[in-house]
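Paired with subunit B in one complex and with subunit C in the other, subunit A is shared by the two complexes that follow.
Let's turn to the complex of A and B:
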């Protein structure tokens, strides 16, 4: 187990190092003045510009710049934003935005996962029944929809025609709240649209994987044993099949986190949700390179640690992996 | 002299045999494929869209770029899906959008597959340090958040169809590479590859003759999913404004629909059709991929 941990940890660190290298050079190979992506913007004042040139060694050779970049990264200095006129990138990312994205993504992934696992198990058990066919088709349809289009449709139907959800934002602008519950209610009301969009777009995928995984488990010998022991159907299904089939899901979730960020970016953009995904879009549109670079580093760290955690959890759940 | 001629005839013989083997394999595949209802539906959808793409100039009622009416006309007999913010016919734009969406999907996935297969073949066949390095890079690309990386690359390269294709290929090759690598590694140990090497064939010959033909079926099944990913990625990137306004895809049409405030003004005719088109085309390829996988993937056959 210890060897396994060390091996996985080292691998995660190497991947992280590669990601940082990639992130540094990606923004330096841009055409034009290479320092343009750090300070070269009219929205940054000359004083801040001077400070940054010194901090990041922009007048020095590239390798010195890289070392300074890494050093700054370790103390949490991600440069300053262009569109917010010199506000430190770190303070833009680590604040309300990250919180909003976590709440939105966490809740929709959680709900989608639970629905996917349960419905997937039942569909696999009643293979080729009407329930199975309907759920498979539903999943294929939602899987084939572009996430942003699903969001637009939800705004059109529930926002425009039914007037049931707010069409944009995280809270009502200019509203005063008498207590925290009112605030939470308004927040959740605004979250309904993006939450439903993300959940629907994730659930089909989880469902299909779970169903596939269960069908695989059904061919295993221990399923025959369980049946031969005379266990009830529900016991076979939920004790033996579901447990074993959930295993591959664990590592899959971690890998898929990268795609989920994509879906979140689209959804947050469509619903103007004040989160990291929306920030990426804004940064791209406003050519705010330091913010883009910062988000990319933060996301890489998140995804790589998520994968590392999944590896550990997997090893605990499945002893075969450790050897 | 006689032996030479004898040799020549055997070579021809073998070549002919190989031709028949491939033909039989393809017709076997087709026979199994025809049995799958989903597969037939998928193929029909894709062929229908291909027809629309080719016949676009004859089907579309108007030129997609010219201003043929007042802005924001509602659906009518003259403009079945109304007009957009500058008075262009939406139906014509959706019909012509088929060309761009389909083309980008096919070309980008072809590039994805080629890049992935090449890296997978080299990595799996050579092994050792090269394999280690290439797989590290693959892991990195699998793990990094795809859409943000795409957006960053797209904003570095600039707008345009070609850049979208490049971005999709550079981000998407990893799944193919992994699959081809593991397949190559197992094929490398089989007796026929060993025999090929034992009689002194070059590596290139062994790869081309014995490994590529055996990897191809799985690459093909994988390619369908690559097309699905490419179409959806293109739609997303175009929707976020990275498309080329002079060659509008469905994603681009939706980008303009969003800018026109279609959702909050209730212009359903501007939003629904392009989205349905993307969905149908993606489903078409997904169905083909599903049926192909059922036939070609031995793991699934046993269930």
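Let's turn to the complex of A and C:
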């Protein structure tokens, strides 16, 4: 077990180092001229432009920029944003945006996972029944539906015509709150639209994976054994089939952790939800390298550690995995 | 081990990424066939380019429209690595673009002009105009510049984007002027707008929040608009973009040598924290702008021309310039004034930005005071009750709300969650907004001017006649109709009346749509279609071809002469032979 941990840990660290290196260069290979973002106004004189470019270190050779980047990363300095005129990247990422994205993504992924797993199991059990067919068609439709279109429809119908949900934002403009519950209620009211949109768009995928994985498990020998032992249907389904079928879901969840942090650009844009996904989009458009780098470093760390955890959980869950 | 080796190789491979760019454009050598760069994300630029390509085809010029991302477009423009391009540029409150776009000193990378236009005579007139502080005299010179530019056509102006602004029906009192009723060039709307339904909060939807709250760093329309409402200026503009007194009594006085401007402040001006605003604050603002190399509002012009300033008393601000500058009064007059007692210890530093959202720091003297900012949601400003324009503003609070998409902004306006939006209604939504019973839509020109520009150094665009012929060959009405769905105003000059009514030269040379004229010019200048495929050949190629043709004809003629001579000899010999034969026969 110790060897396994060390081996996994070492490979995680190497992957992280690679990700950090790639992270720096990827955005510089990307076509784009960050000096334009820094300078912005076309009326700025060449002298001022030069001063700005110097202040942001964009006149340094690439390898010097790289060394500075690594050095700063070790002390937790993610640099300053170009588009937000020198605001530290850390304060842009770790603030309201991250909070909003975490809450929205966490709740919608969580709910979608639970629904997906349960409904997927039942559908697999009742394979080719009316329930199975209806749920499969529903999942395929929602899974292939453009999420921004769904969001816009929800805004139009529930936001405009029915006036049941707000059109944009996370809180009511100019409202003052007497306690935290009022704030939470207002916040959740605003979250309804994006939450429903995302849950609907996620659930199909989880459902299909879970259903497939259960159907796979059904062909295993131990299922036959369980049946032969005369176990009840629900015991076979939930004790034996579902538990074994959740294994692929564990690795899936490890990947989905990125979304928790990366957000959903489309949905955030449609609902003007102030989150990380929208930030990534803006940073790409504005060639704001420090922000992009910051987001992707944090994301890499998250994914790599989530996978590391998944490896360990796997080892516990599945005795077939050798250390 | 394998991974480490891979990482090492990858890293070394990445370090040798070439930092130079391969040339994109090769000037044609035979036919008048050119790739034309248009801005890929801007539909108007792309579709206008397509309309122009069809029009130029009729005069024998083949254009291939190449939608280009700005990350590729600007480097190519700066390197002059192109032949012809079409997109929008922008106008400021005063027509400084006449300097940036036509003066030789601006023929450099990332400067005002991307077309390498150099003309010493034009430079001399521009320089003289920039030094002339009397606006009427300066205008006379501006007319000359406009005329000379038109004669040389370094680029062809196409149209100005239209500005459609939607308001909730109950709002009135706004001023519609170039760049729109809600813009940082419009000082008149916000103090005077009011609701006939008695609403006191005015909500403007923004597509993004201001990137900075510092008037010294503001660089986009939205941050400038924020600063304009919180920080006051010495002068403002009327609806024709003519300067008017604002914090001052009357317009500033200009010394006879044009190097000293004196502003007289209104008495009793106050900062939002109650401290008196004096001429010392005014001088401090300009000193600060220069010393800290700020980038906001008119910083570039101020840094270029400010020499020193003095405040002989609390109400008189005297500014000495390095040299006279025609728009000095407007540049200094519309720069946001900051309080010395707060800013004297603040350093304008990119590593430590002035986050102007601390209520103790966000102190201005404008019509509105900073109140709250919820990142990503809204910025709330409240009425400044002791503003100098007594009784104004008429609303109690001004809210900038962030809504990311145009469809949501329109719905929010129709529903009444917001009252207007910061930018022009997007073209696809204009009809919907006009048809909506809850909304009023205003119409004027925006500051984005679409042009088709030539690399004036690259043949054949170095030939003034080619540029003139193209100017004649473009049907701008049609370009607006197809390129901008009709949401544009045709421009025929470099300082168009629609935007600069004061500066525009009414008698300037124009190039009316006239394809016959264009064809005639190109024919006369020797750009002929010699192979009959509908595309003209380049002048040099035609000349070469003609020279070869002539040579061939001469050779042929020489050959013909030889043939005739040989034929003649043959005839003579034959005739002589026949004669001899005849004589022999006769004898025999």
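Simple rule for what comes next: the second predicted complex is superposed on the first by the 273 of 323 C-alpha atoms of A that agree within 3 Å, B and C clash if a C-alpha of one lies under 4 Å from a C-alpha of the other, contacts with A are read in each partner's own complex, and residues count from 1 in each chain.
Throughout what follows, contacts are C-beta pairs under 8 Å (C-beta built on N, C-alpha and C of every residue); 3 or more make two chains touch, one makes a residue touch a chain.
Quick caveat: nothing in here was measured; it's all calculated off a predicted structure.
In the superposition on chain A, A:160 contacts both subunit B and subunit C.
Once chain A of one complex is fitted onto chain A of the other, the partner contacts of A:170 are limited to subunit C, with no touch recorded for subunit B. Judged by the touch definition given at the top, the superposed model places A:14 against both subunit B and subunit C. Contact with subunit C, but none with subunit B, is seen for A:80 once the two complexes are overlaid on the shared chain. Of the two partner chains, subunit B is the only one touched by A:140; subunit C is not. Once the two complexes are overlaid on the shared chain, A:180 sits clear of subunit B and of subunit C alike.
In the overlay built on the shared chain, the residue A:274 is in contact with subunit C alone; subunit B does not reach it. Judged by the touch definition given at the top, the superposed model places A:152 against both subunit B and subunit C.
Once chain A of one complex is fitted onto chain A of the other, the partner contacts of A:228 are absent, as it touches neither subunit B nor subunit C.
In the superposition on the C-alpha atoms of chain A, the part of subunit A touched by subunit B in one complex and by subunit C in the other spans residues 11, 14, 18, 22, 29, 152, 155-156, 159-160, 167, 269-270, 287. The touching residues of subunit A, counted against subunit B in their complex, run 11, 14-15, 18-19, 22, 26-27, 29-30, 140-141, 143-149, 152-153, 155-156, 159-161, 167, 215-216, 218-219, 255, 257-259, 261-262, 265-266, 269-270, 280-281, 284-285, 287, 292, 295-296, 299-300, 303-304, 307. By the touch criterion given at the top, residues 11, 14, 17-18, 21-22, 25, 28-29, 31-33, 35-36, 39-46, 48-49, 51-52, 55-56, 62-63, 66, 80, 83-87, 95-97, 100, 152, 155-156, 159-160, 163, 166-171, 173-174, 268-272, 274, 278, 282, 287 of subunit A touch subunit C in their complex. On the subunit B side of its complex with subunit A, the touching residues are 136-137, 139-140, 142-149, 151-156, 228, 232, 235-236, 239-241, 251, 254, 257-258, 262-266, 268, 271-272, 274-275, 278-280, 282-283, 286-287, 302-303.
Only residues 3-4, 7, 10-11, 14-15, 17, 19, 69-72, 74-75, 89-90, 92, 96, 100, 108, 110-112, 201, 203, 208, 211-212, 214, 217, 219-220, 293, 295, 299-301, 303-304, 349-353, 355, 374-378, 380, 397, 399, 401-405, 407-408, 411-412, 414-415, 417 of subunit C touch subunit A when the two sit together in their complex.
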